Amino acid sequence: MIKQEKMAIVSQIEIAKNIFELTVAGSLVQEMNEPGQFVHVRVADSFEPLLRRPISVAKIDKEASSFTMIYRSEGRGTSLLSQKTERDTLDVLGPLGNGFPIEEAGKKAYLIGGGIGVPPLYELALQLNARGVETVHILGFESSEAVFYEEKFRMLGDTHIATVDGSHGTEGFVTHILNGLPNDFDAYYSCGPTPMLEAVQWAYPEKKGFLSYEQRMGCGIGACFACVCRTTRSETDYIKVCSDGPVFPAGVVIS
Amino acid sequence: MIKQEKMAIVSQIEIAKNIFELTVAGSLVQEMNEPGQFVHVRVADSFEPLLRRPISVAKIDKEASSFTMIYRSEGRGTSLLSQKTERDTLDVLGPLGNGFPIEEAGKKAYLIGGGIGVPPLYELALQLNARGVETVHILGFESSEAVFYEEKFRMLGDTHIATVDGSHGTEGFVTHILNGLPNDFDAYYSCGPTPMLEAVQWAYPEKKGFLSYEQRMGCGIGACFACVCRTTRSETDYIKVCSDGPVFPAGVVIS
Amino acid sequence: MTDLSVQLPGLDLKNPIMPASGCFGFGKEYAQLYDLSKLGSIMIKATTAEMRLGNPTPRVAETSSGMLNAIGLQNPGLVKVVDEQLPWLEQFDVPIIANVAGSLAEDYVEVARTISKAPNVHALELNISCPNVKQGGITFGTDPNVAKELTRMVKDVSDVPVYVKLSPNVTDVVQLAKAVEEGGADGITMINTLLGMRLDPKTGRPVIANITGGLSGPAIKPVALRMVYEVRRHTDLPIIGMGGIAEVDDVIDFLSAGANAVAVGTANFVNPFVCPELIDKLPERLHELGYESVQELTGRSHRL
Amino acid sequence: MTDLSVQLPGLDLKNPIMPASGCFGFGKEYAQLYDLSKLGSIMIKATTAEMRLGNPTPRVAETSSGMLNAIGLQNPGLVKVVDEQLPWLEQFDVPIIANVAGSLAEDYVEVARTISKAPNVHALELNISCPNVKQGGITFGTDPNVAKELTRMVKDVSDVPVYVKLSPNVTDVVQLAKAVEEGGADGITMINTLLGMRLDPKTGRPVIANITGGLSGPAIKPVALRMVYEVRRHTDLPIIGMGGIAEVDDVIDFLSAGANAVAVGTANFVNPFVCPELIDKLPERLHELGYESVQELTGRSHRL
């Protein structure tokens, strides 16, 4: 069930350049299940900035009733968010949308992430590993400064890093790494910029894949029709990223 | 000279119900001289709320290069202001306007204040006492909860308190106290709600008096013509509270 | 007991608060969050004769204390709305106001004729003011004669009272209000969004794919309030006021200016519980201000 | 070296940044804070033939990301402006744009004739759009024929180029722009304020004594930007754009949309140093975006 809650801020840490790891606690966490779901966060008490910001769930800790987000402080809203401390509360609406189907993973899965698309893959990796699925992580970042969670992913499986400027790992995009990896996986899961999702989709036409999309949002719950994408399922309909997605099987979204 | 400065917040204390004493430090303080001047304070980094808030200078400490404001947290802006702490800075524009002429006090002066009109009288009392002027303080508040600085004023001279609900001091308005006080002073200085200023002015038609007025402000420096009042000096002109005032001799402002 | 009820043509409202069209879909999503029977009414998403896909994305952009949208009347079309959405809404004890849109006058007439027969549709809201559709819409809402004619045509076929939604993008909103009154409108809803634009400073490109969009949210409240106040001075038609309402004092302001009820749009995105919260807060605020009913307060700014 | 200079009819601007009329008085107050010679130009407060007292107070009210004002053209009158204010401004190396207002066409003509002869007045800004004066003003700015005629009359008597300031409170701003172009305008300045209102929820009374006021500040930027963009699509006249400019990217946006220079109004009240700060920041921002001059960037949104 979707809830709105003023959640307690447990911690907020800058884990890479302009990348913040924010953990909050509250009963809303009990509603979270699927990796790949997101929350809609209000960054200010006033109406300026007005809209909530969608942020993926990066880690769920049901015991502590807390969850973790990882986001890049970039525009007005996220930079306000990054100024919040343990003394503040955070107005969170969630969990929202449909996440990654973990039961489709088979025995071995590729998790392919780019930049701020990496966070939801972490909870996904945790849940897949808990089910005995072997996960390989292929993660792309701008530069070494922007890399985060490398060790955490490594603890869960093979982890390959690409940076655009080559300052860490392979130089280039995740697709460069994918070219050199075997085709021996059962399913892939991906989140990142749309061109990356496109490239990944093209690389594995015969594989089962699940992609998480981004769109500008209004309501975040399916009411305002802001976040639509065309779909191959029907010529006469759109899908909504917020409530039909953000995760869709490969081949469904026309971007 | 008028300066704009991000001043350091030295302390912020709630000294009565919803009444905050805020001390800030910076080089701008060196420009302050007259009691009764004010500053124009930006309460948020964003443009919401948009306008600065005019607040009187309540105490100047040139040695510490700090000054103190006392304000009521009421609307959107002042309640944001009240949330600021020593970790924040405060964008201050000032000193603005023309304050109380201390050289006009003679030997004995009445300082008559109402509510949030009391603060500027404190620096005035300090400066008058420093010049050897005897000051009598007649201060009106809503109720006992809203009373502040009573002891501080008492240290400087006779101090009479009125509260509207009679919960502290005399019941009623400052004028009730004035009725019972001798007429043996040389000048009076007053700041408070306009009806109070009117009443005080009427009570002492033959005395030298100086009144500090309030108006809604835009710029605070005389450029926008928001804060005007009609004047007895001329039928064809307005005076600006921000730059011609806020203190005017009795009889000048038509309110 | 503070009386929140409001009686308007076709609408027997428990309270004067309702979500604005386009900001609440057809209710399904918000029904996950609270009981829709609590609402005074629901203004459902614009319905057109045929299904519409609307505009390309991005469709929304944030602005200072506001947002732009160019959804472009995406909706499943008249048949689906009548066959699926409206029947689903019947489970709630809430009168529906159906927002009617189109490109040609005939489209409006067709939608109005059919949708006004749905049992839970108690009024129509004629959307002659959507700034986000190329053909039509906008001209209906800016030309008094066209607006009057369209109102009359829709009135002729509608089984329920017809409210006309006015555009703020006009020189003289009172003239439009009077025109639709002459056309037989039973009420007015106002305002729709202000036409605006945002650019991406990095590229110079419009952020909204449609180039321009409709500005809504707290930023536009002063314009909306002024227009409601002006229109109230020139007509006795019921007004459902909207534009930037987010807090209970915004409701008070619109009622004071002469609105008989209010609609909440953008604020639903910020706080999905805003409508029930406003409904809960309104009695106490009215009481604090010394009023025992919504009706008593309504229009007070004109009686000072 | 990034080139900030802009050449417009009558105006040889060091840079495209100037304070907007009514938000800078006649410069005296801001001259206490910085050297006015730094500014591209100064649009001085509206000047009328006779001295004006303006409206009663309160004259300003805050709104979400904006403010309302109803100053009502308070100014010392033509003679004092020409004899005192303008000569005082001569000490600065900055061309002045004189904002001309009035109630009747003859008033405009009288002011224009005289003020355009002042040595440091390099252009006139015809204020046909002030929403805060009862008689006239507003009608000049909303009726294309009246606007055209007035422009022509003023052009006939003015010694310097005439820019006409457009109102946003119209159905079709392009129509107005074309009308003043036909009337011989040398340029356009836009936008003036949006007509708005605020009520005191405690009492229901308008906060502004004049009841309505003009909305300015960041809240109106999307509307202003849209209008500049639209007008640029339909005319080659120079445009000085304004409405909510407060940061360097706002300047970039207005230039991108087709403004040749920009004016900063309300932001002066928030940050009295905003104009020189924008002037300082502009070269770096232009450079970051890959432009070597203001002119190169101007209108880029139309060339994508």
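Lettered A, B, C and D in written order, each chain numbered from 1.
Criterion: a contact is a pair of C-beta atoms (placed from the backbone, for glycine too) under 8 Å apart; a residue touches a chain by one contact, two chains touch by 3 or more.
All of these numbers come straight from a predicted model, not from anything done at the bench.
Colleague: What chains do subunit A and subunit C have as common neighbours?
Modeller: For subunit A paired with subunit C, the chains in contact with each are B, D, in label order.
Colleague: Most remote chain relative to subunit C, going by C-alpha centroids?
Modeller: B
Colleague: Per the centroid of Cα atoms for each chain, what is the distance between subunit C and subunit D, given in Å?
Modeller: 34
Colleague: Roughly how many whole angstrom separate the Cα centroids of subunit B and subunit C?
Modeller: Distance between chain centres, rounded to whole Å: 47 Å.
Colleague: Compute the distance, rounded to whole Å, between the mean C-alpha positions of subunit B and subunit D.
Modeller: That gives a centre separation of 35 Å.
Colleague: Identify all positions of subunit D at which a residue touches two or more other chains, and write them in rising order.
Modeller: 63-66, 217-218
Colleague: Give the residues of subunit A touching no fewer than two other chains, as numbers and ranges.
Modeller: Residues 47-48 of subunit A each touch two or more of the other chains.
Colleague: Report the topology of the inter-chain touch graph, choosing from line, ring, star, complete and other.
Modeller: Basically all the chains touch each other, so complete.
Colleague: How about subunit B: which of its residues touch subunit D in the complex?
Modeller: Residue positions touching the partner: 1-2, 4, 42, 47-52, 77, 93, 215-229, 236-238, 243.
Colleague: For subunit B, which residues are in contact with subunit C within the complex?
Modeller: Checking each residue of subunit B against subunit C gives 47-48.
Colleague: Considering the complex alone, what residue numbers of subunit C touch subunit B?
Modeller: Touch list, subunit C to subunit B: 64-65.
Colleague: Subunit D touches which residues of subunit C in the complex?
Modeller: Touching subunit D: residues 63-66, 68, 142, 169-172, 194-199, 201-206, 211-212, 215, 217-223, 225-226, 229, 244, 249, 252-253, 256-257, 289, 297, 300-301, 304 of subunit C.
Colleague: Give the list of subunit D residues in touch with subunit B in this complex.
Modeller: Residues 22-25, 28-30, 32-33, 45, 51, 53-54, 57-67, 69, 71, 74, 217-218, 246, 266, 268-273.
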